[in-house]
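Read through the structures below before going on.
Shared between the two complexes below is subunit A, which has subunit B as its partner in the first and subunit C in the second.
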Partner chain A sequence: MASKTVAKDIITLRGSAAIVSEFFGYAANSILYNRGVYSEESFVKVKKYGLPMLLTQDEDVKKFIANLNSQLSEWLEAGKLQRIVLVIMSKSSGEVLERWNFSIETDGEVVEKGVSKEKSDKEIMREIQAIMRQIASSITYLPCLDEKCVFDVLAYTDTDVAVPFTWIESDPKLIANPQMVKLHSFDTKIHRVDTLVSYKNDEWDEQ
Partner chain B sequence: MILRTPPPKKLRTDTKAAVEESSPAGQLLIYEDPPDAPDQPSDHLLCTYQCRQMVKSEFFDALSSAEKQARDYQSKWESLNDNFGKVGGYQSQQAERKQFREQFLYAEQELAAAKGREQALQEQLLKEVNDSKERFKKQIQSYSELEVKLQNEANLRKKAEFSAASSQEKANTLEGQLNRLSESMEREKKSLQAELAQLKRESRHSLSRKCAELEKVGSRATNAEKESELLKEQMEVLRKHLNECLHQKSEAEKKLATLTFQEPNSTDASILVKHLQEELRNYESEVREARNLKLSYEQTELLREKLFEERSRRERAEAEMSKLQELQHNMKSLEDELSAWKLMMKDIPGVSSPDDIPAKFASLQKEVLDSTMRLGELNAHLKQKEVALDEAQLGKQSAEADAALAKEKSEEMVQEINRIQSMLSMVTEERDKLRSLLEEYKSTKNDTGGRRVADEALLQELQSSLANKEKCIKELESSLQVQKEINNRQREEIKLLGEKLNNEARRIKSLERESDRLRSEIALLEAKLGHGDFSSANTKVLRMVNTLAVDNEAKQTIEALRSELQKTKDKLKAFEELNNQSGDAVKSVDSHISEKIMQLKEQIATLEKREERYKTVFADRISVFRRACCELFGYKIVMDEHQRPNGIPVTRFTLQSIYAQNNEEKLEFEYESGNIAILPNAYSSQPDISQQVGIFIHKMNSIPAFTANLTVESFNRRTLS
Partner chain C sequence: MDAVSSSVNSSSSTKPRSRCPPLQDPFLHRKSSRENLDRFIPNRSAMDFDYAHYMLTEGCKETENPAASSPSREAYRKQLAETLNMNRTRILAFKNKPPAPVELIPREFTSPQRSRPTKPRRHIPQTSERTLDAPDLVDDYYLNLLDWGSSNVLSIALGSTVYLWDASNGSTSELVTVDDDIGPVTSVSWAPDGRHIAVGFNNSEVQLWDSTANRLLRTLKGGHRSRVGSLAWNNHILTTGGMDGRIINNDVRVRSPIVETYRGHTQEVCGLKWSASGQQLASGGNDNLLHIWDRSMSSSNSSTQWLHRLEEHTAAVKALAWCPFQGNLLASGGGGGDRCIKFWNTHTGACLNSVDTGSQVCALLWNKNERELLSSHGFTQNQLTLWKYPSMVKMAELTGHTSRVLFMAQSPDGCTVASAAGDETLRFWNVFGVPEAAKAAPKANPEPFPHLNRIR
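Moving on to the complex of A and B:
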């Protein structure tokens, strides 16, 4: 049997930033759908990463995520973004119920020197696909969100980053004594993204 | 020497030569130490158990051979004795016999002593073996105990390390909580201060607005009053005009009446026309008055609505004033909290203003970090010292073990030396004795001559065999020595391997400790990552300002404002329509007003008549119904309409029994949307009445039963009294 040679694609800093910000957009939509933050009727199916992905049709949410992604891409290209956290909170009490943590490690050499790396796009897509499947299956162990919830996105950046006028400094919105589940990660050779979900202990589980 | 055996029989001379020839090995072997025995080192005397066994076996062989020789000698002696008996005198033979017997007995005794020594040697060897076994067992037990102790200590160390790691984690989490609390406190303070300032501004704005609105309302009220006064004046003016017109009309009529006398026929029509014209004019004036009245009425209605709005605004302003008071109260409480925080700040050393708190926290954090670093370094030193202590203890133990072994060996050697010395002394004594015996034997045997030569030859053979055996013993001893050296080398190699094993075990333990520490660090870092902790020196947390919630709130407010705007526009349209309708009515009133007025008047008359008829009929019917109810049920019912303090209208029924003894015996019920409830009063709160109320109304929920029971009781009272 002849050995298969994996065709590697050249990945630049800008391309990697685009992949990561696009991944975050789809992951955020998937989380909002699976956790029931918005009604199912407001989502539409599209094909992405070889999977049927759900995207919201709410104009406000779409605009919010689009603006967010553009800023994240800018920070990723500058190598200033350390972490993105999608926080789900109770609308009535403001209590933080879940934190979807996406940690980002950037190759400093690529940012400084502008070199490019090689990795197969299929391999990256396969890794992202695994994470998306895990997000979809997370409803099996995450506690039910019975109350109306809202979401927010936090960005952990370097201290020397200039804060845009549409952004403000915030507290990290932590959960006290959370349960944590580590998901898969993906690597573009320039940016490595680790996913982790931490959630408030369910009272039923504590009993 | 006491003889224990009877003297042997005399032997014949014929057997002498045969005995001499046949006893080559019958003589005793004499063990002689080499002349330089004391100068040689005692190592060659040391032998292992096997050598001893070999020596023993050889000794036994020598003994057996010596016994044989002794028997041969005995037979020879007997033969000699026989010969002597034949050849020489009896007494000399007896003496020789005695001597030989004594020698024989001595040899036997020496044999027995040698046997006893052998047994003693064996017993000693057995003891030594048992002792060594016991020692080995004890050593193994001590080793196992030491291993158990080692494991326990290792477990204790692991537990201590784990507890130290957990306490460090707790300290870190507490630090994080402290940091978060301080940050949240700062943020809360800032937000509270901002809220305070905003509330103050808002309260000032609202106060000024309310004052302006109040002034506006007051001015509007005064304007409305002025307008109403003006309208009243206009009304009076119009009345005056009306009176004047009436007066003029009456004068005109009078004039007409006077004129009619003069021109009765031709002026009738003109008079009629004039009358009609006047009536027209009157009607026009009335219409104008009506129009004006209507306008004034509409204006008053508008003013009333405005007044109502102003009143509602005043109420809202008063409510907001109350809210302002609450806000002021909140402000006071916030100020109290601020002062409490300031007092707390005073308690904190090195802090004079809120801006110093972050620096103080930073300095405290640095101190905590330094202390944790020092703690870590101290722990590392401690661990190194513990490792060195362990090594030293192990070395000490090994040295103690070696010392014990060496002591044991030296004791063994000393014991063996003593034994060998005692053996030597015994053997030398035996040798001396044997030598003396031999010499005596030789001196006594010189006479015999030829036979002793054979004995000497036998002796020489025995000595040569002894020498050979001594050579064998020496060879064995040399081989023993070689074996000992080999054993020592192996022991040393075993020791070296054991030390290497211990070093490797120590290295493994240290590596395991490091791996546990690294695993705990990794778990800590992962927990921190999952928890969301971050270092404020390297990281800051940002979020977007225009969140969806704010947009939604803005949208909601916009929609509410839009709906209010639409309502006001509708109201404006309605007002405009009303104004237009009034304008249109004014235009058509001239043509249709008179007809309509006549029709309306007729209708009013008929309706009034009908109403009066209905009233009379209703009154009759109602009175009949009431009288019938009173006669049938025994209660006079009076129905009134009342209004509760909250504005809800209710119907109240007052029942008075026909058998009541005074006018105060009245029951009051309230009817509201299908439900009747009894109202407490002086009569119903009497004990017997209240008991009946409790039983029939509250428990059984039946007012008819209550009223029927009351009727029966009052009837009985009445009839009985």
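Moving on to the complex of A and C:
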């Protein structure tokens, strides 16, 4: 653990929310790239979390994720966000093929009393890096997405949250009898994010 | 079976049930002798025994001792709760959905190809697979400094040195460095055997090297009066094109090698390609001319007349490529003032098509497996463009080079393309698909010389 005197290691609710929403932005980009939802050439490489990360250059996708992130930060800062799910669906049939589930546990004490916690940036980054690596390597076991796919993002919030103007209530878009793989977690001491991917059972393997 | 028969047979069900799942099959019976119900004649059809039993036994058990429930059950409950959205959650999504991915090729152009149903659409990577530094690469449109031999070795001339890069193991070796009075190197070309290599120089010499022994075999002198910027092999014939506008066929086996001279260009010959059959030679020059020469028309003593003289290009003609699946089809690309790719029937000399690319055409390559043409360009994009033939629909644009892409060469398996540009980099693109074992077998002969003879 880092020493107490280092100011950098103190993490506030606001900072933690920023880390989590930024993480989600990169994770979403990475998933969209690795799962081939958008064409490879619409992504550019950047360095982040000590890894080469890919970011979409498609203006519309960029805007979507940016809007999403600003809303997520707001909810995270209020401690109202329970879960974010990135859903990959078939473009033609709308069938849900994959759900990338990011469960968020917020430290209630921090939200209520506004105290800050201690955890070094480096350590958080290392944990995030492990998740990013897992996302990139997930293509090895996830079934091939042979068809054109689209994605959507669901936010699970507390019920007392007012639905923002640009949002609507959605069904959970679950997959019947899915396969699940749990990925690493990271913890800012304020928000703990557990990552899990569930995907449609590949019936070819079953028979 | 009904409930009455089960109550008579109650002794069999005295064993306490500890693991009844909450959602029960209604025909399961759980009347136990301990339950004091004997004085009451119930209307069984009006009662929900399953529910009652569950409430009496399982229901309280669970609240008393939640730890006893199995993890799988916990998970089941969670899932159930999630399905029914019973936890205190609100699920929200943006009203505006993210944009659907755009398809690279418009559908109306792909649909005619759907008649071949088994062919999945090939993914074309948009970035180079590998980039190598090529310092001192001479940025001269009229030269030909890159070639990829049939033994999978790439040769590139950087300044006065010819380097060999073995694509199978990535090793680099230096073939030759010449003095400044001879160099710089102005052209390199692998013989069809993939072992011998011809190197043209600024001082009009042409050297033949054995790449495996790293040995100079012979030097051709006296044919040209100025630099030799283009080379083309046809079995044992090495054709050289010079800045003096001459094209010379050299039989590299004989003592006095010059067998023919083609005179038709008034300025530097910068493009030179033999057709796959070895019958026709296409030559392009800085005089904006494209000539087609026929071997059978040649005579050794006097200079030969061209078969066709094609004057449609309005700038230097450097990029030439013979179609691998149609013997008399030639693609040619014009320089900065012309920017067109033109297709020719070389038997008749007819121009079949002309496409303005919007940029200088530096090099052209056909895909050996698909009806596709790759062109490399200069200002403004410095890109490689993949075209579907004959529709000439752009399939992909590969950017990455920061200066004009002067030279291109194709791997022996036909899948990878190397490009060298004025930005002094050599890039490798997997633009023509991935090597397939099945495909590779019939196309084992990578060079357009099916019956190759050793040049010695």
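In this text, the second predicted complex is superposed on the first by the 199 of 207 C-alpha atoms of A that agree within 3 Å, B and C clash if a C-alpha of one lies under 4 Å from a C-alpha of the other, contacts with A are read in each partner's own complex, and residues count from 1 in each chain.
What we mean here is this: a contact is a pair of C-beta atoms (placed from the backbone, for glycine too) under 8 Å apart; a residue touches a chain by one contact, two chains touch by 3 or more.
Fair warning: this is a prediction, and the values are worked out from it, not measured in the lab.
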| item | value |
| --- | --- |
| Clash or fit, subunit B versus subunit C on superposed subunit A | clash |
| First, second, both or neither for A:E112, with subunit B first and subunit C second | neither |
| Partner chain in contact with A:S39 - subunit B first, subunit C second, else both or neither | second |
| Touched partner set for A:V161, first subunit B, second subunit C, both or neither | both |
| Partner chain in contact with A:V153 - subunit B first, subunit C second, else both or neither | both |
| Contacts of A:P172 with subunit B and subunit C, given as first, second, both or neither | both |
| Which of subunit B and subunit C A:N101 touches, first, second, both or neither | first |
| First, second, both or neither for A:F64, with subunit B first and subunit C second | both |
| Of the stretches 59-67, 221-229, 311-319 or 329-337 belonging to subunit C, the one that collides with subunit B | 59-67 |
| Subunit A positions touched by subunit B in one structure and by subunit C in the second | 60-61, 64, 67-68, 82-83, 91, 150, 152-159, 161, 163, 166-172, 174 |
| Residue ranges of subunit A in contact with subunit C within the complex | 37-41, 58, 60-61, 64, 67-68, 82-83, 91, 148-159, 161, 163-164, 166-172, 174 |
| Residues of subunit B that touch subunit A when the two form their complex | 180, 183-184, 187, 526-527, 529-534, 536-549, 551-552 |
| Complex interface listing, subunit A residues touching subunit B | 60-61, 64, 67-68, 82-83, 85, 91, 99, 101, 103, 150, 152-159, 161, 163, 165-175, 178, 180, 182, 196, 198 |
| Complex contacts: residues of subunit C adjacent to subunit A | 82-83, 85, 88-104, 123, 125-127 |
